[in-house]
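Some structures to go through are shown next.
Both complexes below contain chain A, partnered by chain B and then by chain C.
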Partner chain A sequence: MTTTDTAVAPPTQPRVARAGVVGKFLRSTTGPIGAGVMGILLLVALGADLIAPYDPLARAGAALQQPGGEFWFGTDELGRDIFSRVVHGTRLSLQTAVGAAAFAGVVGLPLGVLAGYVGGATDAILMRITDFVLAVPGILFALVVVAVLGSGVWNLTLAIGIGATPTFIRLARASTLSLREQEYVLAARSMGASPFDIMARTITPNIMGPIIVQIIVTASVAILVAAALSFVGLGTPPPAPSWGGMLQSSRAYLFQQVWYAVLPGVVLAVTIAALDAIGRGMQVALGTRTAGRAKVGGMG
Partner chain B sequence: MVSYVVRRLLQFIPVLFLASIAVWAIIYAVPGSPATALVGTDATPEALAAAEERLGLDKPVPLQYLQWVSGAVVGDFGDSAINGAPVLGQLAERIPASLQLALFSLTIGLLLALPLGIVSALKPRSVLTKVINVYQAAALAIPTFWVGILLIIGLAVKRNVFPSVSNFVPLWVDPVGAFRNTFLPALCLGIYISGIIARFVSASLKDSLAQDYVRTARAKGVPEGAVISKHALRNALLPTVTVVGLQIGEFLGGTVVTEVVFSYPGLGRLIYTAVTGRDYPIIQAAVLFIVIAFLLINLIVDVLYALLDPRVRLE
Partner chain C sequence: MAESSPVLEVDNLVKHYPIRKGVFGREVGRVHAVDGVSFTLWPGRSLGLVGESGSGKTTAGRAAMRLIEPTSGDVRIAGEPVTAATGRRTLARRIAMVFQDPMGSLNPRLSAAANVAEPLRIHRIGDPRSRRQRAVELLEQVGLRADLAERVPAEFSGGQRQRIGIARALALSPQVIVLDEPVSALDVSVQAQVLNLLGRLQEELGVAFLFISHDLSVVRHVCDQVAVMYLGTIVEIGSREQIYQDPRHPYTQALLSAVPIPDPTVERERIILGGDLPNPVDPPAGCRFQGRCPKVQQVCIDTNPELVVRSAGGQAVACHFADDNAVEGESR
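Let's look at the complex of A and B:
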């Protein structure tokens, strides 16, 4: 883990204040911009087949043409339309981001709540496992998992998801610890709620704020790591139109078609910036500052 | 202090135990026989037999682990599947290169981040701060490998200011050559971490400017420049030590792609070639080394923090 350790759980908002969170998010500087850009990118990913003017995998014209009316981003070394490939690459990237973040959240949240609520040996064992995974830089962890499982879209998603899970465990655990002795949890316990009920129905809904922020952060890191691994040829294998893979092939043609190296990178950076902006807007709205980019895989 | 360090070192044991199991199991998780994974598919039958012997495949699994780990403890991770040289030596060769890259990157990162962080804390509502905020967001969003391509186009290929392939020239042998070779990859990484560090500097400087002792200093007539540099900034830089320290841990092995882009012979590229060449002994040793280094760096950062700030009590 890098920038922030054990992302300190904020005192969770009482349920009543929840309505104000959306308003605060929309009034934050970065939130609405990020959400707007992400909305567009989601539409692009969902409607890729309708939006892309050409088949992303087939030859559409002469190789290495400059951007123009016919090919908005130009063509690559095989004469494929770069714009169409970037559009389909959006789908690929967001798919990895959603998959990895969902995996980490679905596995990490319950384990973290369990560790925080039950404590004892369960907690100790889980914490040592997270210590180990967090001691390996995110990109390296993904690289080793890919070395064992082989490359491919789903292995890549899984590799990034596993690497991101410990941060969720830590975050959920810290939040749970801060809630465990709260009056409403004690009240639920004194009314005879089972430990499972308390964990699932009383604690989990109240720690979702920081978890959702962390999901956004994880999505952005996942896109960056996936692009980095595809860039070095260990992520999504060609001819799939991954952004990282496109940037890799573009290196050989920097002088013939410089936009080939520039435009996919711009779209990649804008996507990550949009997710970061949403994350920051949410932190403002929830009044937390610490969820952070824990486990920075983005450096590559 | 001593008892704290001892306690922390004892906590390393379970983590290292888990790490060693995970690393050892890599060979077994790979499809195919572990012995083939160890020496490669085109190994001679003798080499294969030697690998089976080394892994102790005829023994019970816990014994196989013990056999491996007893070698690992004394630094024997076997030989590389690719070039047959002992793994430990190859690893040791790369460590100075990685440390030098980390040093350059952190220096660049701090040189960029300190002024940015200070300005945005002192003038939170100015136009300059808005520009800095955009820079910070961009520094974190733009992938380092893409910055690398752009830098190579601009500064190495077109103008020939820097070599586009960065060799490792030790700083103590040839400082100028070291600078020329390390600058571009370090700039990529430095820009990235400056985004993180600047945010920390800004946030903690804002915090300390709001403290009572700053108000006291101002009230007793200390000039504003001295209030900022001597009173506020000094305390604000303490948390920065933590961020910078932890970043060194991330730099060992976490800079794979940047090292690949610039062909820089650091630990990251060693691991990359090992992964592409399925050289598992190297992967095993490198991952274990990085875990140990990360744990030690964390411990050093915590101790340093307590030494710098007497208010921090190590528990």
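Let's look at the complex of A and C:
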């Protein structure tokens, strides 16, 4: 986790009409590719039961078989079909990604807007809390949360979500600060709008651009962190078919069954790349540019 | 329209901004942005507030409608005193604002109709459908066709955007509209259209305008009353005729002499002012205009001239020599 959050993108170039954003996204180089891949992954996650030829948790044949007609990518050390496990792992990964990003966004966005708009003591307190969370490396933070709450998909998701929240607070705060002095915010005040109304109806919709990009980034970071934690045995407990967990168990059998490691690894990489592509496409579409994503997530 | 009671009375309005320094925020000085401004606005009339940048005209306008909290001073709308407790919601129904930057003052995410309907939504007037309908009516009233209602601000020209801003200001049927440099961001040809629109709306609706501008030609076009501001105070106030035909304050005279006359045969003496606005943190003790006044005397340095009514018509001038200034003030 780096100390900086997103190099603050100027909050949405408001000059772009909404329809224009979608069009620009589709015309960007990476956007449609990423969206296409993610679409497929989403379908895989939703239709895992239909796509997977075997039960991901049950023994289907002999252990450590090579790929073939029966088992497309072979079997693992317990004789479970690797392909089926990866397919079901997609569901698990996307669950974590969506859950963590949604948590961070839903908690971080309003707090950030509040800090930015109200300022003063509220702002100071919220900023010290985010400083505190940001000062602890993301993996370590997630580790502690999982250690306290126990392992499990939802605890893992929560741990990653909490770790990603400060970045949202900072991003929303910075965007709000630059909007606060805009004349249309002043105009809303002159019309008698309450502070809550201004924050919810005027400011929030106008800072959604960078926030959406950040949600995408957080989703990809969440998948990586979940895999990393599962790899060290603190993520989703076995026998759940998590990608990270599969990578971990495959280490011992690299020479007997190389596909055991390759398939989850490749799918993981493709997922991250696809999310990244979407994020970049969105930045192009919104006319904002954020710093490289290595810095952005704050979890990797 | 011509009712006998004023719709907006501003009495001795003051806005100081403290300058804080150091860890403990010790106050080391004060910016005297607005320093005792008083004026009265009548229903269906327009008061022009003119002055150069930094003269405090925008701050005065915003403080008058409590968009910023004045340091002191009284504001009454239709006879009712406005205090911090009045609340913006109540106030917003009586006094609206049109901003200088027509792009920046409209919410870029909302359509023209939605922008105009915002005040109605905020005040929970009607349901979404009737609000939209009202918004479209207002847009037509300011000369925008109904089929443009769904476009976002970015798709309009500057003049059209300002029309949307005006329609929005009209939404709650206010008695007063504060117009802060409403045409200075527009092309000259468009300025005329918007000014004519304002004139027409005032005639139809009887709304009063507080018209803030640095452009004397524009103010002359729309305002019946003109107040000239210098360094946070009004130095001269009077009817349009009084100010433009018979300015008595040397500052007003200098300003008017700088307005171009579209007639090459007219010769006139330009009064060139030296220097800049003094620092509002530390305004001079005597007359605030002393440092730049071509006619400065010892008395100007010693005592600050009061804004005193000089003629039967109610023209008030803050100058020790207002009466002597009369003759050479002809600026036609």
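In this text, the second predicted complex is superposed on the first by the 280 of 300 C-alpha atoms of A that agree within 3 Å, B and C clash if a C-alpha of one lies under 4 Å from a C-alpha of the other, contacts with A are read in each partner's own complex, and residues count from 1 in each chain.
Everything that follows uses one rule, which is that a contact is a pair of C-beta atoms (placed from the backbone, for glycine too) under 8 Å apart; a residue touches a chain by one contact, two chains touch by 3 or more.
These numbers were taken from a predicted model, which means no experiment stands behind them.
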| item | value |
| --- | --- |
| Simultaneous placement of chain C and chain B on chain A, clash or fit | fit |
| Greater chain A contact set [chain C / chain B] | B |
| Touching partner for A:Thr202 - first (chain B), second (chain C), both, neither | second |
| Which superposed partner A:Ala227 touches (first chain B, second chain C, both, neither) | first |
| Touching partner for A:Leu186 - first (chain B), second (chain C), both, neither | second |
| Which of chain B and chain C A:Asp276 touches, first, second, both or neither | first |
| Partner chain(s) touched by A:Arg27 [first = chain B, second = chain C, both, neither] | neither |
| Contacts of A:Val258 with chain B and chain C, given as first, second, both or neither | first |
| Chain B versus chain C as contact partner of A:Val146, first or second or both or neither | first |
| Lowest inter-chain C-alpha distance for chain C and chain B in the superposed arrangement, angstrom | 10 |
| Partner chain A, residues of chain C touching it in the complex | 65, 67, 87-93, 96-97, 99-101, 104-109, 118-119, 122-123, 152, 154-155, 165, 168, 172 |
| Residues of chain A that touch chain C when the two form their complex | 14-18, 182-184, 186-194, 197, 202, 205-206 |
| Interface residues, chain A side, partner chain B - complex | 1-3, 5, 30, 128-129, 131-132, 135-140, 143-144, 146-148, 220, 224, 227-229, 231-234, 247, 250-251, 254, 258, 261-262, 265, 268-270, 272-273, 276-277, 289, 293, 296-300 |
| In the complex with chain A, residue positions of chain B that touch it | 14-15, 18-19, 22, 26, 29-30, 137-138, 140-146, 149-150, 153, 157, 189, 192-193, 196, 200, 203, 243, 246-247, 249-250, 252-258, 260, 268, 271-272, 274-276, 278, 280, 283, 287, 290-291, 294-295 |
